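So, here come the structures, one by one.
In the two assemblies presented below, subunit A is common to both, partnered first by subunit B and then by subunit C.
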Partner chain A sequence: MEKLTQKDNLPSSTQFSEFWRKFKKNRMGLVGLVMLAAITFVAVFAPLIAPHRSSSILNVGVSDIYKAPSAQHIFGTDDAGADVFTNFIYGARVSLTVGFFAAFISIVIGGVLGIVAGFFGGRVENILMRFTDIMLVIPDLPLMVVIVALTKPSLLNIIFVIGLLGWTTTARMVRSQTLAVKSRKFVLRARAIGSSQFHIIRRHIFPLVTPILVVQAVLVVSLAVLNESTLSFLGLGDPTVLSWGQMLNYAFGRGAMSTGAWWALVVPGFGIVWVVLGLTLLGQGLEQVLNPRLDTHHLMPGRPNVKSTSVALSRNETQPASGKSLLEVQNLSVNYVTEGQLSARAVESVSFTLKEGELIGLVGESGCGKTTLMLALLQLLPSAGQIVNGQVLFGGRDLTTLSDDEMNTVRWSEISIVFQGAMNALNPVRSVGDQIAEAIKKHLTGFPSDKISTRVVELLDLVGIAADHKDHFPHQYSGGMRQRAMIAMALACNPQIIIADEPTTALDVMIQAQILELLNSLRTKLGLAIIFVTHDLGVVAEMCDRVLVMYGGVTAEYADVDIIYNEAKHPYTQELLKAFPDLTRPKKKLSSIPGYPPRLDALPAGCRFAPRCPVVFERCHQEQPSLHQMDGNRHIASCHLLEASK
Partner chain B sequence: MFVLVLNFFLFRVLPGDPARAGVHDPRLKKDSIEAIRVRFGLDKPVINCFETLNPIKLGSCDINPLDTQFFIYLKNLVTGELGISYHTNRPVATVLAERLWNTVLLIGAGQILSITVGAFFGVFAAWKARTAIDYGALATSLVVWSLPTFWLGIILLFWGSANGLPIGGKATPGMSSAPLMQQWGDIARHMILPTVTYTIVYMGEYMLIMRSSLMDVLSEDYILTAKAKGLGVFQILRDHALKNAMLPLVTIIAINLGFTVAGAIQIETVFSWPGLGGAIFEAVNRRDFPVLQGAFLLIAVTVIVANLIADLTYSYLDPRVHTE
Partner chain C sequence: MNKERLLEVRGLKKYFEAGRPALFSRDIRKVHAVDGVDFQLRHSEVIALVGESGCGKSTLALLLMGLEDPTAGTVTFEGRDITHLNDNERKDLRRKIQMIFQDPYESLNPTQTIEEIVNEPLLVHGIAKDKRERDERVKKAMEDSGLKPAEVYLNRFPHELSGGQRQRVVIAAALVLEPEILLADEPVSMLDVSIRAEIINLLAELRITRQIAVIFITHDLGSVGFFADRVAVMYLGRIVEIGTMLEVLEKPQHPYTKALISVIPVPNPRLRRKRIILQGETPNPIDLPTGCRFHPRCPVAISACKINDPSFVSRSNSHQTACLLLVK
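Entry: the complex of A and B
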């Protein structure tokens, strides 16, 4: 929001050049603009371009009618012996004139109604929007046909009728934009200092509504051109003015069809398509530039994993002393690539080992690559993400080398994941029980189908959800229930590992505690191994066996939980602990780490924590520290200080 | 209700006395005109004091409100009586009913086809987003969206007539005595060109909407959940994405159904299809107000019914609507 405010303060020339810079990259918009420029040029300089004078139809003979295209008449002649190409060029004038003027009327009406309705609200808005809704429901064309037919068929009339009927969508869109803008801070501020309403509308609302008006205007012009040609084609146009629609009307009504004079039909239609297509492309292009949307989704194929062989793969620095290791992540690196260019090194050379029944805490501030790392384990990275190095060893296989189909047999049945904010992680149009059953059906193929329902109830019971909620939909669940349902779903196929990606964010404290307790008890009851992603050190202290602290996409420190709490070596871990209240030392002063984690697309040259580090020295800014092993591989940290102290 | 009132006044306010416009013939004697006016109920005042909107005279108004055109219009509406066509002298309801079925036939076929084709390509484009397939589908839909309906109709007509397809009307003359199967086959052949026109013109819009809607759905968290559950691409599309992505499409289809009469005017004119759109067009040229009034009423009802259907479908597809 603040960003927008700033942008609003920029001089308009800067804004425009910024807009133009983006627009130049938009191929669709550019093509549209060029198409429009071409036809506008033709229309403006019609007398210079036209090969024949438009009045040269005075001395035509019968033989001149519907003459096929020739050198003299490149698009042949029409029913009156006139040159089709000449008429086409002059027709552009009419069509564009009608289009622009009619659209102007529509945009002014729609803009004013929209702003007034949105800005003043209350009864004014109610009445205006009711009216708009009714107008929106009335089909334009039949109404236009009736009105134009019953009034005098002049160009002016057509412009007014089209203009007066075409404002509804504009009004609606402008209204919603005004509503959105109205509550922005700078508008409220302007109100607070007592600016007049007119001033606020003119200086604050209007500039932010303009982009929508521009896009709408382009689309409304195209509709107006279409409507004019339709009316003219139906014989309701101004008979004295030869628009493209009128040309088609004459040709269609006067035997072009039966004489096979395709040129008289194709050429004017081509003009209409050209203009409308140009406007549509321009509108789409503008929309994309002014209102950018990410055109990616979860089903887009990911990038193939790349392994650079130059890095030694197995360093095995943290071989566990006891217990069978279940999952071994070695030197895993993930890059984000946008438009063919490396945009972020989100995860770099992270290694950790998960033993059976173990709970690992993955800690770090937001934007440290924690979620990326978890998604990479299951090959669920967005299409821009790419594993560039490392291995994920599970059950004797390297998961990073598996195909999507092979991966699907591992997902959920072996490793399942509970996403942060189960708000949207459940499909809103399917019942919760159904979604749990789906996982069972998919993976436990031998499972008797009549027992599935019982199993679902059992799972829900396990997480403390009553059986009668089985057929309810996610929106009928509370936030905590949804998260528990997610956990039930994660348990459905008896996986060995559950990844819990910040499962308690956005939940209130009581529910958080419940969920954590649930996870912990399930771990002991079912012997699950859990990777717990969080930024809550309290949770880590209470539940985890080992802790991996990540900062800026790399491992900061990795050790047993008591080592982390008592002998943290990395300044980042130490700072994190200082920011966390300790019940045993209630008088301790809490401090926060100034600044933010580095943006993964703009990492500092040396140590990633250097800009915020309280004990930073010169080397930190130049050289990235390597991992130091202490305590017989049970404790690793990456800091230059450790080397210095050795 | 508003529509009913608007509908009535629209055709009273527009220039031209309905009676004189409808029977525009200078040879008619004054009393015959008067007789015609009585026959169509035009001798009655439009509405109580409508003619005397002069504020000075407003007090002296002694017209029985139950004996006005407006009241009779409303009364007739309740009984399903739409008046008598000026031109054909037949009841409007009968005229429109037969026309309506032809339009429903044409539009029904066209809508079903365009929705199927459009939605299919929309799904395909969204799934294969940012590939050549996607860009191709996008470009095609923008182009077909820009085609004027009537022009596409003309071009297809041109092409069709060269390839032996019937060029207009609903049936070949003289077919009415043929066996039923043959009659239907004949109608189907006549429907090919208009239906194809209709399909192409509307396909682009459906494709664009389906694509953007599915793109939105596919970037939702629950799709990632489905993927993490190990479901295959087709299963995710079928079980988790399509139903959700259909929601915006339903709204657009409903709105379009109301607007299809607009498209019908163009198509029915080009292909001389005896439908509602053609009826409106003819009625306009003949100043046949009762028919127009009836047709607009029919359109209004269609729009309202279409919206109702949309709401019902919506609540069927989206459990959030009917449980709250």
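Entry: the complex of A and C
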């Protein structure tokens, strides 16, 4: 079993503290929160803060009406001679009370309807959502005006009217989130356990809908505050309490504009803007923190990073690739740097050579740096990734020193890539033929435009797709056909090298066999060299000439395919082989490698495989093994045992 | 091994409606997801259901779990028909048959701790009301699933675990109910090779220590090798060949089985073999081919295959194949 460190034993952080950690970094959300907290504080402690009593309209004379701001009344007085600032503070109480309670009603109704409609589906959903649509179509404000005008304009009525009309967007958002959550496998698992529907809603749907509800609640409060102000401004507010809208109404209706008493209008207006702005900022901030789909920026490929110059000194010593070797990777190292700090040494000192027409397999478990290495070859690393050492020699040039523009002439036209998961790599709204044509236009600038269509058909034919499928969309393709289309796209500019990153992982065995056969035939037909990234040792044995086994970002072993499978020297390679099922020996028990690959941000001090190695000895924990060459240069492995046996 | 039949599936069918071919057409097109499946499962036996996507194996799993109602046919568990149960009976049955899913990243609720996840089935079924007894059971299920020591994992969230550990949590949440059958739907296809072996070995262990029968659904014959007692190969909603693991792997009879076996990569470059690569993909299960449903892709089909739907031919007591070429 995996050894657990002290750190692992600490109790896991609660979800709230995790949320707070992220939220603290969100400036917009924090500003909103502070704004809201300030006005709430003012509302709660109104009697302590207000300079005058709320109904201090004693001894009002004509001269007290619309008095300009002064030391006694810092924001002047209103039409009744009352202190505007005091009214503003007490008005916050009314506006916020209406806002919070009305929003509470809306959120409860919207949440319940949304969850019920989304979860139960069918007729229930139809009826509820049509009802929601009708409510959504009716303009809220006129309806509110009518209802409030027909009923007694009390505060309670206003709360209910606003609350009962403000739930529609919430219902729709909650429904779509519920639909998304419902289709996830853990809900099916909960059903398989025997959970009741109520239990599933409470335990599995609701917790995942909550983030949406929280964001929505904040926005609904601001809407409710606005609605209340509008109603009061229109004279439909509760005349016995003074909200900001009511203040505006009185000031507007009783000559504040004509007497130039701007303060009577600006101060309550400011209150409304303050609350709505604060809530909106808070809502936006919460959304950014709580909605995981908005939090992907660090994964996007950034501008390729130019290698730091201090380590690139040896470049002029190297001769351009000679003879048959096509691509030569020398001592390539990639670090991930986040917030200025080294977070992971993802690839360290990896070297390999790819010859013309050769198929090299790049093998290792997930998180061993395979994909990072491939992205580094093409200078497609995410913005946090930096090539810190080494060279990628191709056609007499070191690709790591090329600018983005120069690299664009290499990428796709010389070296192209076929990604895992063809569905995500194809644009769903454009036909497959279109997308292939675009690849040609983009990368082969001089290509005659009248011949593009013929070329597309030719490419599709090459990968075994009939020409009449050219105008079909990706969703009309099966998984295997999509992967073929991806290969056609990769071939669009006659590249010399194709990098195939787990091209068959998500496919059925028969489709996998078809794709492998296709790659093999393309290789002989077009003389392609292929780098095949995979964790499937069977595929490697069937396909590859040379194999590079990676572990924890470094080369574990690098040799001809026959040597890897029959005379592997590195314990990792040996263990990996024992874990792989072999149909020709069905009785063989599989042995697994205990534990997991090291996290690249917490690499062990010595050999990276030492914590899982069955033949580990003391030196392995202290010292990283160097690459050990055998059989000339054909077989390389990094293991201390090899030196000991020498 | 107790030879008594634990689960018996007879003539099981599930058709889904797929809308009308035209707006005002009368007939409704049907997806023949599962189209007449028969097999038996004995106590603590491991049977592998093998087939490509679209062969109906996942629908079959949902039918066996009672998560879908069959169109026709019966499933008998310990002599009792379980296809038509009311909610309470169904809930009781759930304790006996548990399921493991393909994607351990999707099958755990990200907002629950591991303890809550493993404990949940006990709460749902009102088993072990006493907190201490419950904790004991949770701990035992976790340690039996290889999450040792359990304390380390209890307060964690799924995102803090690796794929293999998550799959162990799913297994623990199934074991906590002490089921008699585990239905594993592609439980390792999303995992790394080194971890696959770990999970398969764990399942192999459980059938010995806990006497659990396993229905292992997979598209990869290679991954079930040593572990399965019997193998059933499915194509377009039906079983086309069933036999003991050695019979099917070493003497496959059906041309489809032969092809499937031939394309499984062998991890030895000295054994690169001739592969029988079937062209095209499984036809859609709406418009089934006439006769033998495999004939359009069959490399050895004869004209009779287009007309006659083959029935099973026995090669031995345990080995049956549905292929016209075997009829003498």
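The working rule: the second predicted complex is superposed on the first by the 441 of 646 C-alpha atoms of A that agree within 3 Å, B and C clash if a C-alpha of one lies under 4 Å from a C-alpha of the other, contacts with A are read in each partner's own complex, and residues count from 1 in each chain.
The definition used in the following text is that contacts are C-beta pairs under 8 Å (C-beta built on N, C-alpha and C of every residue); 3 or more make two chains touch, one makes a residue touch a chain.
These numbers come from a predicted model, not from an experiment.
Undergrad: Touch test for A:Arg397: subunit B only (first), subunit C only (second), both, or neither?
TA: Once the two structures are laid over each other on A, A:Arg397 reaches no partner at all.
Undergrad: Would you sort A:Arg203 into first (subunit B), second (subunit C), both or neither based on which partner it touches?
TA: second
Undergrad: Which partner does A:Ser195 reach: the first (subunit B), the second (subunit C), both, or neither?
TA: The answer is second: A:Ser195 touches subunit C but not subunit B.
Undergrad: Can A:Val146 be said to touch subunit B (first), subunit C (second), both, or neither?
TA: First partner only.
Undergrad: Can A:Thr230 be said to touch subunit B (first), subunit C (second), both, or neither?
TA: A:Thr230 contacts subunit B only, not subunit C.
Undergrad: Classify the contacts of A:Lys24 with the two partner chains as first (subunit B alone), second (subunit C alone), both, or neither.
TA: neither
Undergrad: Could you list, by residue number, the parts of subunit C that touch subunit A in their complex?
TA: 52-53, 65, 67, 90-91, 94-95, 98-99, 101-103, 106-113, 120-121, 124-125, 146, 148, 152, 155-157, 160, 162-164, 170, 173, 177, 192-198, 200-201, 219-226, 245-246, 249-250, 259-261, 263-272, 275, 277-279, 281
Undergrad: Report the residues of subunit A in contact with subunit C in the complex, numbered from low to high.
TA: So the residues of subunit A in touch with subunit C come to 1, 4, 8-9, 11-12, 15, 184-186, 188-196, 199, 203-204, 207-208, 365-366, 478-480, 508-514, 517, 535-542, 544, 561-562, 565-566, 575-593, 596.
Undergrad: Would you mind writing out the residues of subunit A in touch with subunit B in their complex?
TA: 134, 137-143, 145-147, 149-151, 222, 226, 229-230, 233-234, 248, 252, 257, 262, 265-266, 269, 272-273, 276-277, 280-281, 284, 294-300, 378, 380, 405, 407-413, 416-417, 419, 421, 423-431, 438-439, 442-443, 473, 475-476, 486, 489
Undergrad: In their shared complex, at which residues does subunit B touch subunit A?
TA: Listed in rising order, the residues of subunit B that touch subunit A are 2-3, 6, 10, 14-16, 126-127, 129-130, 142-143, 145-151, 154-155, 157-158, 161, 215, 218-233, 235-237, 239-240, 243-244, 258-259, 261-263, 265-266, 269-270, 277, 280-281, 284-285, 287, 292, 295-296, 299-300, 303, 307, 317-320, 323-324.
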